[in-house]
Structure formats: structure tokens, C-alpha cells
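Pasting the structures here.
Heads up, the next two complexes both have chain A, just with different partners, chain B and then chain C.
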Partner chain A sequence: MNTRQIKDTIAHKSMFLICLLVLNLALLIAWGLYRRAQPILATKSLGELLLNSTWHPGSGQFGLDGFILGTIWVTGIAIVIAVPLSILTAVYLAEYAPRKLSHLIKPVIDLLAGISPVIHGVWGVITIVPLVRDYMMPFFTEKLPFLPFSSDNYTGFCALTGGIVLAVMIFPIIISVVCEVLHTVPAEIREASLSLGATKWQTTKLAVLRKVYPGLVAAVILGLSRALGETIAVLMVAGCSLFALPKSFFDPAYPLPALIANTYGEMMSIPLYDSAVLLAAFILLLLTTLFNVAGWGILLRLERSRC
Partner chain B sequence: MDKRKTEEYFFKALMLFSTLTVLGSLISILLTIIVKGFPALSWSMLVQTPKGGYYMGKEGGILNAILGSLVLSLGATFIALLISLPLTLYLNIYLKRNSRFAFWVRFVLDVLWGIPSIVYGAFGFTLMIFFGWRASLLAGMVATTLLVLPIMCRSIDEVLKMIPHELQEASLSLGATRLETACKVIFKQALPGVLTAILLALGRGMGDAAAVLFTAGFTDSLPYSLTGPVATLPLAIFYQLGTPFPEVQERGYASALVLTAIVLIISIIARMLSRRFTGDLGD
Partner chain C sequence: MSGQSHISVKNLNIWYGKQHALQNINLDIPNKKLTAIIGPSGCGKTTLLKSFNRLLDLQDGFKISGKVLVDGEDIYDPKVEVTHLRKKMGLLSQRPCVLPMSIYENVAYGPRLHGIKDKRVLDEIVERYLQEASLWSEVKDRLHQPASRLSIGQQQRLCLARGLAVEPEVILGDEPTSALDPISAERIEQRFMELKGKYTMVIVTHLLRQAKRLADYIVFIYLGQVIEHGPARELFEKPKDSRTKAYVEGSFIEGYANQYVI
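Now for the complex of A and B:
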């Protein structure tokens, strides 16, 4: 064997090793976090940690219930706002808009997807917080008293604000996945439907969207997963104080990622504190991984069924 | 007018409304940052480090954070490149087109892409405890590397996939080994695409706050060593906005404008490069 071939073999083996390493990176991260979360799991049962709502690290109380509820409120609001808007936008860009226009708009959306989360936070503080405080809160509390709108938090830093900012942050990912999925539908299907006398919207609704329905679900799941993990923007606008469990759109919410970010600095001084926080990170990792596997799995199956 | 027509118009209006809302919110972000940030921006802010009492409204600037973010994300991008290049070349040149192994590596990369940056930050923190590091440039770099690695791998991978297979076959048939083919033929072809991937990773690394919150720490001095703490721009913005002093908050808006400008410039260059690259292939 000459040196060239030896070099090739060495390169082959080391590249393979790098691949193996990356392949196991997710497991490594999960293991690392789990190992750190173990001390608290050893003293308390998982159910006790998840269902107890008292968070008082000083006296050894690590109930994550309030943070889980906060996560559900904020991401729930974000999804309800973002899903219809993004899907309709994607359908418009892929099916209706003139080619030139959608070629102009899509890069803008992509470009803005790259804006730092902290900028979304700044924007939320400057724009959305006053909007919610001065206009939405008085309006909703008065006009729709039967919905959970009443709250004694009048600052504007609340679950709804967090949800709105998060929704804007996940627009780009949902739009790009839906656009991608819509482009996989062959033009013949649309032509067949149109030639049978269906209107453009009927074609879109009955032929195109029905065909890629799983893809829409995948887009929503991927958006949800993105929303679950967003940290710094939510930390800046959602209030993030835990006096009581969030019960209304205008109560402050304190989602899991914000908890992890906020406790930095103090968590090494109290026993089990860091363990509880890393347990929160572990739960977050499991949830987002689950959603990502589901989302990408659906998209891959869709792609395969086309071939 | 019949029902179908009404439905058609109704949904078309709804779509236009959605598109305008999405675009409007994104434009609103840019406008807010520019309108609020520009008046507060000054030259002295860009070229000074924080003096004593900066966060209470005294003199100084954010040079420490600007340089810190640049150094940290450049370092992280470089390490990520050292991993992504061999990985993607391996997937595309050493493995067969429909290799099972390649399929799983790509799938795992997609999943890694979706892991929130705060989790990478927390994992970086466990590494710090494990190795006994302090919050430092090194720890921040490692966390950011993990964060940008999937982005970089997937974008280089997409570029390599677009290179015609015949090129590789021609090189191999002339007697070159796969390594030589990878380094001398394929890599050269993919270079603009690799640059795009580098810029994308750089932009993401600069903008992220959650991964460095635990790991990089914060300091008022310029980045001086791998094992010392380092300031980052997103965290500087976060802290400045968190103070109760209006003049410091205004500097926070100015810092936000600086970060937005840097990230947007990086991604616009990336996009122009990638357009040129795909354009070349089309000829």
C-alpha cells in the first residue's frame, strides 16, 4: 500500500469517527444533563417534582408545576396566533402570489428569521408591552369577561405578550416548511382540479392542502418545538415572576427556559438547586427532541412516498 | 355572486391579511430598532469599554461586548468547520448515495438543529463542572460550537449534494484517491457554498444569548484569554435593558441596532454568495 492509499484510509477512519461522535451527540447531551439531574430525582419522585407548584429552593421545595403551566400558556398562545397566519401566508406565497413577488418576500422572511432572539425581546419590550397594557388589556377585560382575561398584573409583561413575541419568532420556520411541502405537489394535480371547474381556492383546499396535510402537521410541530425552547425573548417580556400560577392571559408566565436562564448565578449556592434546574433542561431536551423527531419523521415519510 | 366566488374572495383576503401581518411584524421589528436605537448611537459607544458605573448611566461603551461576540462566534464557527467539513465530505464522497448510515447522520443533525440553545448552554454548564472550567471564552465557544454545528453541517451538505456526481467519478477514474478527490476537486467546487455556511453559522452564533448565558460569563474588559470570561453583545443588550435607568436602556437600544446591523450584513452577504453559487451551477 503506498502513502496515498494510507492517507486515504486514515482519513476514512477518522471521518467515520467524527460521524459517530456527532451521531451520538444528542445522547451525550441527554446523558450529561440526566447525570446532573440525578441527585434531585434520588430524593424526590418525578411526579412530586412535576405536580407540586411550590418553588422555594431555599427550603428545598422544587415544584416545577408553575413553570410547566407557564410554558403551556405562552407556547399555546404563540401556536394559536402563529399557525393560521403562517399557513395562510405560505399558501399565498406558494399558490397565489405572482412568482416575482414571492421571490421577493421569501428572502425577506428568511433574512428576518436570522435576527437574534434578544432583538425580538427588545422589540417586545418597546412595542408589544405597551400595546398589551394600554389597549388589549382594557379592551379584552371589558368586552370578553367570560374568558380568562382578568388579572391584577397591569404591567403588560404577561403570558399574552410572551405569546405574541414567540408567535412572530416562529413565523419563519412554519412558513418555510409549509412552502417547501407545497412545492412538492405536482402541478398536474392542480391542473386536473382546475380543469374540472374548481376554483383556485377549492383546488388549494381540496386537492393541494389535503394531499400535504401531514406536512402541515409537521410544520406546526416544528414551530411548537421552536417555541418551547425560546428563552431570552420570553424572559424579557413574559413577566417571569412566580407569585401564583398563571390563570389568565394577562398574568405573568414563567416558562421553563426562562427559569433555567434566570437562575444562573444563584444556583450553585443552594443544595440541589442546580440539579433541579438541569432537570428542567433535561425535560426541555426530551420534549423538543420528541417533537423534532416527529416533525422531521413526518416530512421524510412524505418525501419518500413521493419517490 | 355564487357561493364559490365569495369563498374564493374571502380566503384570498384572509391570505393577504396574513401575509401583510407577517411582513408587518417583521418590518416593525426593524423599524423599532432603528428608530429607537439610532438617536442613542454614538461613536464613543462603539470604541470604548464600560467605565466604572456604566450600568448606572456613567461613561463608556460596548466595545468589550462587540469584540467578545466576534471572537467567540469566530472561534466557535472555526471549530464547527473543522468538524463539519470532514463529516459532510464523508457523507457525500465516501458513502453511497442511499447509505443508511448517511440517512441517520442527516436525521440526527436535523434533530440537533431543533434543540434549544438554552439546552446547549445547560450542557455546556455540565461540561464546565465536569472539567472544572470557570465561565470563560472557552466554555462559551464550546456551547456555541454545538449550537452552530448542525446548521453548518446541513448547509454544507446541501451544497455538496448539488455538485454533479460525474465530477467525482471523473476524478476517481483518473486514479485519485477519495481523499484527494474530496480535498482537491469537490472542496474547490463547494468553496462559495462553504463560505455561505460559515457566514450563516457566524450570524447565528453572534445573535444567540441563551447558550452563552451560563458559559461565557460577562466582563467589562476586552476578551484577553481563553480561560477568562468574555462579554457578548446579546447579553450586553439584555443587561442594559434590565437596568432601571432610561439612559442605559437607550444605550441598550443602540446596542440592539449594532447587533441587528452586524447579523443582517452577515446574512445578506451569505445570501448573495449562495445565489451566485447556485447561479453558476445553472449555467
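Now for the complex of A and C:
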């Protein structure tokens, strides 16, 4: 063997090893979390942990219900706000905007994606919290004085605030994935539809978006999984205190990631405490992985079945 | 020129950015005849064809001067409704491009856009135009399957049916057989022969033999200019311009065209 071939073999083998290492790291994390969550799973049934809302570690109560519900509230609100707005933005950028304009805006959107979550959190505290506290909450509690609009949390730190801040954080990812996906649609599809006398909007709605429908789903799922895992910004604006189950937009919500970040490392003398928190982490990891795999799976399938 | 022209082009100039793709085109496309546009690659055939239904409007940096009259009306007049114009000018593209839906939905797509909702009327339209494109017998049992499962030749006939279903007056074809195998191509050609008296047809083709077989009228373009146009027989047998003569004889530009002749 000459040296060129030796180098080639070394490069090949070492890249394979590195790849294996990275993959194993992910598995190791999952396995580690599971191991550490084992003690609580051994003493309590899954129903007792997941269908129970009392979180009182001091007295051995570890119901994760409130946190799971908090996660659902905050991510749900974020998705409902972000999906229509960001899909329409992407459609505008990819289909309607003059090329120059979209070339100008795209980097700005990528820039937004890179902003540190803590900045979003600060921005939320400065602007969204007062907005919700001084305008939205009084408006809703007066006009719609029932659940899920009424609440006795008048601070502005609530599920809605968390959802709005999260929505802003997932805009860029959904917009850029949808833009990418729209660029995979061959120009011929648009020409075919237009030359039958369709308007631009008809073409976009009936032919283009239909063509990329799985891609839209994938974009939403990727946004969702990002929202599920987001911690610090939510921690700063969503209230994150657990008095009762969050029932209203304006109740404080305490999602899983916030719970983990807030409590892990404290009060570890309480038996089973760390195990419960790590179970929460394990659940979070499972959920995020699931959504990511589904999202990318759909995207790949779409790519393979291109016109 | 004969008074029987359907599309007239007057002093047409087209630019892509700085590139002057079509220069000073004057042309009359005869009514209810098949006109073939021939010329070497990159000479502007597609550009001319797409200028007839304003699909070029989608291109960045596209600029136009001069007039294209369809039925005596300038289609680049700002008052013209582009959707109406495009409905009038059916387009068959180089690669068949089915819409991402079923066979049935592909044909019903156009009529639906233009307001036909009645299921029975749509059923009739779908059957009639699939027949007209001689595809009906092959697909009548699987109308609701995705159109993308059809073979390429069947897809092109589906595109033809889809285009006919909006009842155009003109059929534009951009090398409509170039992606097809010889048998499928022949079937499309046969359809064209039968449709000739009913529609004004403008077909871009690379194949001189195809132009000879199908066309009543020929337009020869070279480097963005119309060099010669006239009735097919005349142009093939007694070309006036030396460049046309060379092209139809296949001795043009270092053998470029040779592969297409005999």
C-alpha cells in the first residue's frame, strides 16, 4: 500500500469512529437519564407520576401533570400563533416577493434564529409581560369572564406570554424550512397551473402548497420540537410557579424544561427528588426526539418523491 | 401576409437583463393551422412561445417592447386580464408536468378554476378530453390514482387533456415530444394532426422531420432573429435565405443540426 492509500484508509476509519462516538453520545445521554430516573420508576407507578398533579417533593409527591400541562399550554399557544404567520411569510418570500427583497430578508431571518434565548426572555419581560398584563388580560377578563380566559394571576407572567415569546423564537426555523421546501417545487408546476388560467393565489394554494404539504407538516414539527425544548426564555416570562394546574391563558405555566433548569441541583437531600426531575428530562428527550425524527422523516420522503 | 392571422407579432424585442434574446420580430401566425418554430438551441424559440401567453412575466429582469396581438388585441396592454389570456392559450411544456393530484383532478383542475362545480358536468368534461387526448381507455379504471404514477408518455397526453379541458383557442407546444419515446411521440403527433383544423397550434421543435410531417407554416429563428417564415413546403423546398437553406439541409454550425436530419 502506498502512503496515499494509507491516508485514505486512516481518514475513512477515523471519521467512522468519530461518527460512532457522536451517535453513542446521544444514546449514552438517553441511557444515563433513564438509569437515574430508575429509582422513582421502581417505587411509583407511571400513572401515579403522569396522571397526578400534586408536586410536593417534601412529602414524596411527584406528580408531573402540571408540568406536562404547562408544556402543552405554552407550546400549543406558540404553534397556533407561529404556524399561520410564518407559513404565510415564507409563501410571500418564496412566491411573491421580488427576488431582491427576499435576498435581503432571508439573512435577517437567519440572524433572528441565532439570537440567544436569554435576549428573547429579556425582551419578553420588557415588552410582552406589560402588554399582556395591562392590555390583553384586562380586555379578556372583562369581555370573556370564563375559562380559559379568566384568571387571578395579574402579573403578566403567564402561559400566553410564554407562548408569544416562544412563537417569536420559532418563526425563523419554520420560515426557513418552508422557504427551502417551496424552492424544491419545480417552476413547471407553477407554469402548468398558471397557463390553465389560474391566478397566482390559486396556483400557490391548489398546486404549490399541495405539492409540499408534507414539507409544511415537517416544518411545523421541527418548530414544535424547538418550542418543546426551549428553557430559559420561558422560564423568564411564563410565571413558572405551580399553585394549581394551569387552566387559563393567564395562569402561570411551568413547562418541563423550566422545571429541570430551576430545580435540578437544589434540595437534593429530599429522597427521589433528583430521580423525579431526571424522569422529566427523560420524557422531554423522548418527546423532542420523536418530533424531530417524524419531521425529518417526512422531509426526506418528500425529497425522494420529487416530481 | 394573409388576412387569416390569429397571432401577430409586431416589432417584438425581449431582454433578459442585458441579454437581447429576441430582436425585432415581425410575424403572423395563421389561424387554425399548425405553425412550427424551428432553429438551433438557445436561439429564442421558447422565449417567443412563452411571450404568447405571458409566462415570461415570471422571469426576473424580463423586459419587452413591441406588440403581440391575439385576435387583434395587444396582450401586453395593462388592461388585459392575464388569466383570460392564458386560458385562451393552452401550453404543453417540454417535460410533461402533472399537478400533484389524481388523474381526474388534473383534468378537472382548469374547469374548476373557471367556476364549474357540478360533479356531473366535470365527469363529462374529464371523459371527453381524456378521449380527445386518446388516454381514456388506458386510465378509465384508475381515474383517482395519483397522476404521477402514469408513464411519461401518458403524462404528456394527460397534460394535453388538461390543456384542452379549458377550451383554449390556441395550443402552444414547447418541444412536446422531446421527452417521449418514439411510440408515445407518434401518438402525440397523431393527436396534433387531428386537432389541426380545430385550434391554432404553435409547436416548437428540434426535429426537422417532425416539422416537415406536421407543419403548415414554418418560422425559422436564428440568434434571436426571425430569419425566414412561410408556408412549410415553400420554406423547405425553396428557402430564400442562405442560413435557412443551410439549416434545413442540416449543414449548419459545424454539424450541430446534422444529428437531427435523417
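By definition in this document, the second predicted complex is superposed on the first by the 289 of 307 C-alpha atoms of A that agree within 3 Å, B and C clash if a C-alpha of one lies under 4 Å from a C-alpha of the other, contacts with A are read in each partner's own complex, and residues count from 1 in each chain.
FYI, a residue touches a chain if its C-beta (ideal position, glycine included) is under 8 Å from a C-beta of that chain, and two chains touch if they have at least 3 such contacts.
Just so it is clear, the model here is predicted, and its values are computed rather than measured.
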| item | value |
| --- | --- |
| First, second, both or neither for A:S195, with chain B first and chain C second | second |
| Chain B versus chain C as contact partner of A:K247, first or second or both or neither | neither |
| In the superposition, chain B vs chain C on chain A residues touched | B |
| Which of chain B and chain C A:R210 touches, first, second, both or neither | second |
| First (chain B), second (chain C), both or neither touched by A:P186 | second |
| Partner chain in contact with A:H56 - chain B first, chain C second, else both or neither | neither |
| Which superposed partner A:H103 touches (first chain B, second chain C, both, neither) | neither |
| Footprint overlap on chain A, where chain B in one structure and chain C in the other make contact | 199, 202 |
| Complex contacts: residues of chain A adjacent to chain C | 98-99, 186-199, 202, 206-207, 210-211, 305, 307 |
| Touching residues (chain side chain C, partner chain A) in the complex | 53, 55, 58, 60, 83-84, 86-87, 89-91, 93, 95, 97-101, 109-110, 113-114, 148, 159, 162-163, 166 |
| Residue ranges of chain A touching chain B (in the complex, touch as defined) | 4-5, 7-8, 11-12, 14-16, 18-19, 22-23, 25-26, 29, 32-33, 35-36, 84-86, 88-89, 91-93, 96-97, 105, 107-112, 114-123, 125-127, 168, 171, 175, 199-202, 205, 222, 225-226, 228-232, 236, 257, 260-261, 264, 277-278, 281, 284-285, 288-289, 291-293, 295-296, 300 |
| Chain A partner contacts - residues on chain B that touch it in the complex | 4-5, 7-8, 11-12, 14-19, 21-23, 25-26, 28-30, 32-33, 36, 83, 86-87, 89-91, 94, 101, 104-105, 107-123, 125-127, 129-130, 146, 149, 153, 177-180, 182, 200, 203-204, 206-210, 213-214, 234, 237-238, 241, 252-253, 256, 259-260, 263-264, 267-268, 271 |
